[in-house]
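Chain lettering (A, B, C, D, E and F) follows the sequence in which the chains are written, and residue indices restart at 1 in each chain.
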């Protein structure tokens, strides 16, 4: 099969805003996303994944979006950072990937 | 003098209650660096069991209740919930070093209600054989929801003033719905409904009721561990949160106790009901309050309000508040 | 006429059973958008508890049972399981808009058995004090496994015909093994074995039996939430699945009820046994059926068969089927 | 230490076929793989990670394979897509990575 | 001769105990390739319930106990823990094909104590109505911690000699703290403390005690599945681990039984206490031992010591050891 | 927003040493890290993520570190491999990513 360049946006942020971020991603035209549970440490302290969090909503998720359009990828990364990262902790970055079926992304 | 001695005697007996013991045990474990962890699934299950039990019991007993009697206590619950937030807004939120929105969010959390604290108080009343009306746990939302809404409203009024911009509308309806849909209130209300309408006596008596105490003990342990673990977050915020967390629960509880006592003399509200009203006022929301505030006042720093509530407010509300109100009730109403 | 009134009277009483109440409560919660979630670990634990309890009880009581009596009901279970699949193959799977393989998979799932539905029926029979033979739950695999195998066989025959290619061999042995190894059947069979061979009375009486009802209520709640949540998947498939999901359970149940009644008059098969046979027939597999079908008929669309079963078939089988068969049994056998 | 180029194949698909995919990966000559729980949304609807799934087998996993041979990576991606993605939902993509111990992969 | 027959008769009865039955059932399930899984959260919860129950019971009963009596058995526990490690060091660790550090780690794990095995033995003694002193479970750390420390010490001495380099200091204090902080010991000790100091009778009698057997049965099932699943790891290590895993538990148990019997005649140590001492000696640590050793002797291959313990040692210690010591006690002390 | 090149170090290893690895990462000057639960298969056998592990401490984690300094990234990868992978199972690799706020990493 032929392989094609595409972009991956990764967003690591608080679980509590996952639905809002998902909406933002869909509005940017991406066709899908993948969510993984995550914990970690950043400028705002340690978060854990499987301790009994009395306030469990605050643990992290990692959201990955593959998209064929570098523009859409940039827009998602920029928008997420602008809209959410003043008040919620989180980071975002981009990677280059190779995909098989360009029509799918 | 004699009365005072008697009061302290009663107070001390309360401290040996297993609910408190497990709470303090949890703090001890965390303080000693124990690696014991209660899995999140078990924590969630404990919460579900308690709320379903409280709901079912309420529903089963409410069948015979005279709901007219509920009116005055419900009004008091509403008033107390709002009063706590207003007081917090004009004291804590104005203190030096306290960001206004953080103070408002904290007041909102302390105005809202903790189901776990309520459950602990119910067990302790049952141990003392102090009765209360079946509908008392149903007062929960009458205090919880108005407090959260008022806090969000005050925060938006503050933003509108400071940022000069147009005032963001607060969608009270959306917040009410959001609260009712939260896992705590929806389990409680489902339990009420099931208890009221269906034949759930056997599953209540054979499962939810007998296991109640046990799951509460595990919940208290978890909350104790959490309280200690989150203490470190308080280091990063103003000291006033510690002061507020230590005193506000008792002040709030005593205000509610006072108003409840008036209701006792006016409409015969039971002493146990007065205690539970005080406990609700003194507690601060641990399950659904934090995410609601986080979503509605995103600029407020969660370390401040969750720290103040989880690490200081809740232990004080349970370990000092509950015994205090019970001892008071024994002294005042001569149980 | 009187008989009919009497029948509807009995039917209505059944609706207040806690198992149904929690099922409908779960649907209500999901419909209202509640955020309450039962953790997956707890759901799995509930399933384990029920199956182990059913198995242990069967094993403990089978010791005194005359297993010869089991023969005719086992044959009926086998016949009903196969009949359900065949009927589905030549009705549902031929309807316009229904892909043949999807229809066959759906028929397979409805031919197979749901352990949770069976558990709910056992609790309701116990509430009504309707007895049944100890070995009745052990009829489960006699209906479940043949239904799944037959569905997979029919799907492969269909592929062989349409794709003209060589017919993929169906490894019946592999499918039987796979079913027996599934978490549902292996817990049930282990329970049977332990109950039969070892001194498990105390752990049965002190743990599995008393907690049975409670865990069933949580399981029903979860299934109700799941049923509502998955309703949306049905929107993407043909409407015939809704029709099938609504009527097939009752038709299947009544067929099995009829055959069971014959066994009652021929060999004294108990009325409770007849009801449970009907419940098994009316239920559709929720734990091990879906992955088995998914693996063996990968081209069938899971949204169709899981939607039809989880969102329509199971609620109908529990909320209408069980009360119906019990009321019927009361009318027919004069309990 | 010296660093060497290598390929990473990522496969996001249904948990139910994880064993088959693992076998395919091993047959392609890869020396290992890593599996992470995942939920997500694609062309075939939303999947969640930690709700009580009555049919839990259908939640997703993310499988990552590092291999020193670009060919093996391509083959894995192609084969997985061909063999499974008609009937099971899933995506696959490739990335370039740098490894330390080329003999290990 | 008669005595021997009598002894085997008693031994056989023990085998029908539910704890053993579930252990073997778990192995059977895994051997048959069953897909049944006990979620990790449930496993952790079972462990917590058992340890809390053992601790609470100890704490509640210790109030009336004469702790002076505990001295001799505690010394024996200490001596046995160290002796097991030393024996392992100079037998297993010297065998051909066994890497010295792997052998030492294995000896350390077998010297340490398994709380689950202890719990199983307590249930079996209660079934037989064989009493023991309330403080017996509190002997656990007196055997467990010295064994782990000594193993780590011996490993470091070995490294110092072979690598010629400077001997890495073993921080005994750090290891003791680490052991006490492990989830097993800290739950046990918290339970002891709560039982001793607070009013936990009701939650003990209404929750932890009645559910004990049930959760133990689930734990045994899980351990059985794990034992079988890990058998494959043993294939990659020397056969000597299988031999050690099969015989060491019984040798260790019998040594402790002997010393316990001396204490019985000297200070009246109860027969049940002697059995539990033997069980502790025969068991190998499953919860906190492995991570402690892994961290402190990182070069030791975990497949060897965990394989030997989980797959061979623990099943032998439970399924053969416990019945053996009970039957022995009945024969020796004429119960 | 402007985008900047940065490095991502990925470490997949046993959960039991996660704290030590985290300390190593912090000492190397990275500002944060993200942890995801993982299972997998490598040269030392299969590990599973959500079976009831009687010895649960031995399951895997995936640790990701984003850092603006390629040097720090290399150092982390090298040090982890040197200090831990003789006795604990694990792998490590590097990727190139694009970040938005270079001051944050």
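Throughout what follows, a residue touches a chain if its C-beta (ideal position, glycine included) is under 8 Å from a C-beta of that chain, and two chains touch if they have at least 3 such contacts.
Keep in mind the model is a prediction, meaning the values are calculated, not measured.
Counting only chains that touch, the fewest steps needed to get from chain B to chain D is 2. Seen from the C-alpha centroid of chain F, the farthest chain centroid is that of C.
Of all chains, the one whose CA centroid is most distant from that of chain E is A. Chain E and chain F have CA centres that are 35 Å apart.
Chain D and chain E have CA centres that are 41 Å apart. Spacing of chain D relative to chain F, judged by their CA centroids, is 19 angstrom. If you average the Cα atoms of chain C and of chain F, the two centres end up 47 Å apart.
Contacts with at least two other chains are made by residues 37-42, 44, 211 of chain E. Listed for chain A are residues 36-37, 50, 95-96, each touching two or more other chains.
Listed by chain label, the pairs that touch are A-B, A-D, A-F, B-C, B-E, C-D, C-E, D-F, E-F. By the touch rule above, chain B contacts chain A in their complex via residues 37-40, 42-44, 222-223, 225-226, 233, 286-287, 290-291, 294-295, 298-299, 302-303, 306, 310.
Against chain E, the residues of chain C that register as touching in their complex are 39-42, 44-45, 48, 177, 180-183, 186-187, 190, 193-194, 197-200, 202-203, 206-208, 211. By the touch rule above, chain A contacts chain B in their complex via residues 16, 45, 50-58, 86-88. Residues 10, 12, 36-43, 49-50, 60, 62, 74, 77-78, 81, 91-96 of chain A are the ones that touch chain F when the two sit in their complex.
Those residues of chain E that touch chain C in the shared complex are 16-18, 20-22, 25, 28-29, 32-42, 127, 210-211, 213-215, 217-218.
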